[in-house]
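In the two assemblies presented below, chain A is common to both, partnered first by chain B and then by chain C.
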Partner chain A sequence: MLAEKALDLIRELQRTLSGTLSPYNEDKIRQVLEEMQNLYDQNRDRAHYAAGQADVFAAIQLRHAAIQRNKRCLLAYLYNRLEQIRKMRWEFGSVLPSDVRYNMCEQEVQWFTQYNRQLANYMKTIGESGGLDLTQDMKPPKTLYVLVRCIMDHGEFETQDGNIILLKKNSQHYLLRSECEHLIRQGILEHLVH
Partner chain B sequence: MAAYSVPAGVCTNYFNIDDILASQEKVPCVFNAKVAALGYLDQSTTDVDLNVGTKLELPFWLARFLQKGARNIVTVDTPKTYKEGYRNIFTADPNVVDLHRLGPFFYLFGGKLLTLQLPDAEEIADVLLKTFQGRFRKIMDGSQNALHADLTSQTSVLDDQERHLFAAGQDSLHGFHRWEKRETEKLSTSVMVANHRKRKRIGAMPTAS
Partner chain C sequence: MLIKDFRRDFYDVLQHQRVLILVAFDVDALCACKILQYLFQCDQVLYTVVPVNGLQGVENAFLENAEGIKHVILINCGASVDIVELLQPEDNVRFYICDSHRPVDIHNYYNAVQVKLLMRGEELSVPSYDEVFRDDESSESDTENDDPELGGKKKRFDDEAILRRQERRRWKENRVKLLFDYTKFTSFGTSAALVMFELAWKLSKDTNNLLWLAIVGVTDQQIHYRTPREKYMEDVLALQVHVSRHNQRGDDDENLLSVNCLRVSFEEELHLSLYRHWSLFDSICHSTSVACKLKLWSLKGQKKLHEFLAEMGLPLAQCKQQYSAMESTLKSEVKEKMQTFMHKYGLEIQDIILPSFTMQYGYKSVLCAADHVMMCAALLESIDKSKMLTDYFLDGTEVLQRSNQEKMDSGVDAAKHQLRSMVKQIQSFIDMHQIISAGPFLYVFIQEGAADSRFFSHPQCLIRLARFTLEAHCNVTRNKRARILPLILGAPLMNEEGSTLVVGIPPLDTDDERKNFFGKAFEQAAESTNTSAKFNSFESHVIEMKSEDKSKFFDAMIGLLQ
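And now, the complex of A and B:
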């Protein structure tokens, strides 16, 4: 059936939309583009003698529908991947895990860098002194300091007042909420509430 | 950041994955006109052309395109699961049918069918609404009251959109529960990061053993 390969791309996308990014399927995209080119060429060759011949005209319309369908699937594939990458910027922070980065194509990496830059610039311009970090305080803050426990070794961490603490697995610290919220969201620290 | 957005039935979004998948569902068609050189679409014959009267199951997007307006290349028939026989089943007791098996996009695809100007479009619209009404109570009941239970037996028979509803209900239930236990202020790892970790662990297992 026509446009079947493009649909495979969409199915692949649907399977992997939670928490990860599937590898950029360059091979399949090339195949879809080839199919589109093929259909287009066939249409172009027949277009000049289609006048008055209903059966040829019908075939051209059918192929045209398939081209449009392929186009929609391809664009949706790219668009939804970008959306996913954008979401990841907010969840993972400005540096993506290496396996995610590895699955991005070159243009997507470029897009991500630009998005990062624009977001940083924007956050610098709002707020009074030196901008406002929009990725902070996803929940209304109740205390200035929070008690946290390390879930994994993270190495040394320099706090705002200049102290250096060692984030070692199972060690507990009392830190400024604004400093460690990112680390909690990234799953390095665990917030302890009593 | 619309976490609870349930994709609307008729509204089409060009980039929507569900919409694309739903428009791939097959519709039985009969060709009114000869189509040159595309005989390979019909695997039952070796003819070069698609002849008048050929019966084929075409995906919805193609069927709609070929049927629309003055083109009239195909005549579209109602798919089996929306025909009278099935409609009677849905009306009798909507709760016993496995909508996931009958095509995971029962409502979305049904809504699309209405644009095809089928002779029984009105009945289909009616049955879609009645089925949803009949099942909604159970969905709401299940999603709002089961806190720590295995729900797969309940959710496995749900249509894709009903699953979104169910998940939204569960979310609100858990949110309420967290509020009751005063856990709302607790900062937690983001869901996406957690999912990513889990996958990584699964992927890493064979090399570790």
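And now, the complex of A and C:
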């Protein structure tokens, strides 16, 4: 059916919108493009003797609408993927996890590196000295410090002010939130909530 | 050195510093630690909490975590040993000791620079400085060493020197005697949690929550027979003032507290363990004083209990079901009726009523302080082998947090388990006549491989068992002297084959003092027999030793105490 494949793309996008990036579906996009080319060619052939014939004219209009629809779907697919990638830049930082990177197409990778560069440049220019990391504390934190508990033996950990803390299993520490956030993400520390 | 102004000399000093907190494994210490954690979180003081088990644990924890740390707080540990000597810290490290163990080591007391004591000064009766230390000691010994070389020249000072030496000898004898008297008995002072709460109060940061922790800390001292009843009452009165201050409610409806607040109230509690979470019948059977007075482990005792319940008008069916499901009219009468009929059964008011506190949060059921202590203590000394010691500690803190209902329930179960095995153990002690009088003291050992022995390889539980046993024995035996005899109880250690955990408790007769002389006695007995006993525990009346040294050790103890 007309424009069915483009709809598939949108459906696929819809399924994976939450958090992950699906593989770039090059195959399907090519098929959609082919379909559009086909429709276009048909339209061009008919356009010569369409004048005055209402039925041919209607057919041309229908095909044209299908082309427009396919185009919109393709653009939506690409745009949403970029949005997704941009969101991930803020979540994961400048280096994306390998499985995400694997699912990106070449142009997307290019776009990502450019975006990265621009963001880095921008962050360098704001703030007083050495810029400001905008990706931290996306929501204003309630406290600067958090109580954490160590889940596994990690060894020594040096804080920004040069103190060395021994992260031993089951010890409890009261630390700067920004410092232990990545350790919490790695599953070494656990945030104790009261 | 004793700190007078906690705020200036302790709390303010710690601002913007990183602090290491070492916490002993008991409920009181846990409560104190939680209060302190709250304060530190208010003021954003960075800290690290490490639970420590025994003196060895303190040493290890300090070594591991000492890097860059200038302030170490010890809660319920470390006061009774010379902490500077033990840990060999750098000169700029300060120790703040908040410990209820007495006596305090004199070196800690007189170390003005490195050791600060957070405790009430009036409770300590430390010998005066001049009597135990001599500033000229080193120079004196120098001259003594020099004496033989310079003998000829110094002859004319002989008389003087002899006098001086005589005086020194007298001073030394006096010192030994004083120190012996000072360290002869071990006892407990004000609960660490209460001390911490008072600090919070002075900082105007006290809340109902902290108050409850302080109450639990004080109750812990009562449950584990640390402080005499008089001292407990004194603390309860002090706490009651805070309770009424925090739980003030106006008469008009507008001032009513929301149901989502923590409400603490003073109450004359039934002194029955866990009865709100158990059936009344079971609870009575597992409560120390009532069970001992009625001899509930025997058939006769059980009959007597039935009679008692019948006389109170409590149907058995009601008593044997969950207390929470009992008829509410009966529930409200239990306390009153018990007090009316108790005299006939030889029970006294102290056996049944304990002035204590209860708390309620939201629409959850009422929790009383004693039960909270039991839950926490049971989880702290859990027998779950798959977990590490520090896991127990975290379980304990979670129970104190009260937010996790599942943990609370597991605490209740663990506490019930403990009590059940305790009663079973005592029954077998009594039935098999295992409690033996060795002359100056009673002793009993739990056989290796006994069914529930794993419960008793923890000190706090063992102390409670010892006390239960002693009371039971005193009520059964015909020996009139039993009340003036102390008891030594040994249990096999779970983790180490062939080791025994030994605890000594003072006789019932001296119950209003709760002073324990076993610390010194164990030490001397071990010394004289060369047994390799381990004095690892913070309580000196709890020691570990090899099972094969038992008889040798006990012969020495008999000789010592006669």
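Just so we're on the same page, the second predicted complex is superposed on the first by the 138 of 194 C-alpha atoms of A that agree within 3 Å, B and C clash if a C-alpha of one lies under 4 Å from a C-alpha of the other, contacts with A are read in each partner's own complex, and residues count from 1 in each chain.
Simple rule for what comes next: contacts are C-beta pairs under 8 Å (C-beta built on N, C-alpha and C of every residue); 3 or more make two chains touch, one makes a residue touch a chain.
Only a predicted model underlies this, so the values are computations on that prediction, with no experimental measurement involved.
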item: Which of chain B and chain C A:110 touches, first, second, both or neither; value: neither
item: Partner chain(s) touched by A:145 [first = chain B, second = chain C, both, neither]; value: second
item: A:163 touches, of chain B and chain C: first, second, both or neither?; value: second
item: Chain touching more of chain A, residue-wise (chain B, chain C); value: B
item: Touching partner for A:121 - first (chain B), second (chain C), both, neither; value: neither
item: First, second, both or neither for A:88, with chain B first and chain C second; value: first
item: First, second, both or neither for A:173, with chain B first and chain C second; value: second
item: Partner chain B, residues of chain A touching it in the complex; value: 1-3, 7, 10-11, 13-14, 17-20, 42, 46, 53-56, 58-59, 61-63, 65-66, 69, 72-73, 75-76, 79-80, 87-88, 91-92, 97, 99-100, 139-140, 142, 146, 177, 181, 184-187, 190-191, 193
item: Residue ranges of chain A touching chain C (in the complex, touch as defined); value: 143-145, 147, 149, 156, 162-166, 168-176, 194
item: Complex contacts: residues of chain C adjacent to chain A; value: 18, 37, 40-41, 44-51, 64-65, 67-68, 388, 390-391, 393-394, 401, 403
item: Of all residues in chain B, those that touch chain A in their complex; value: 14-17, 20-21, 24, 33-38, 41, 49, 59, 61-62, 65-66, 71, 73, 183-200
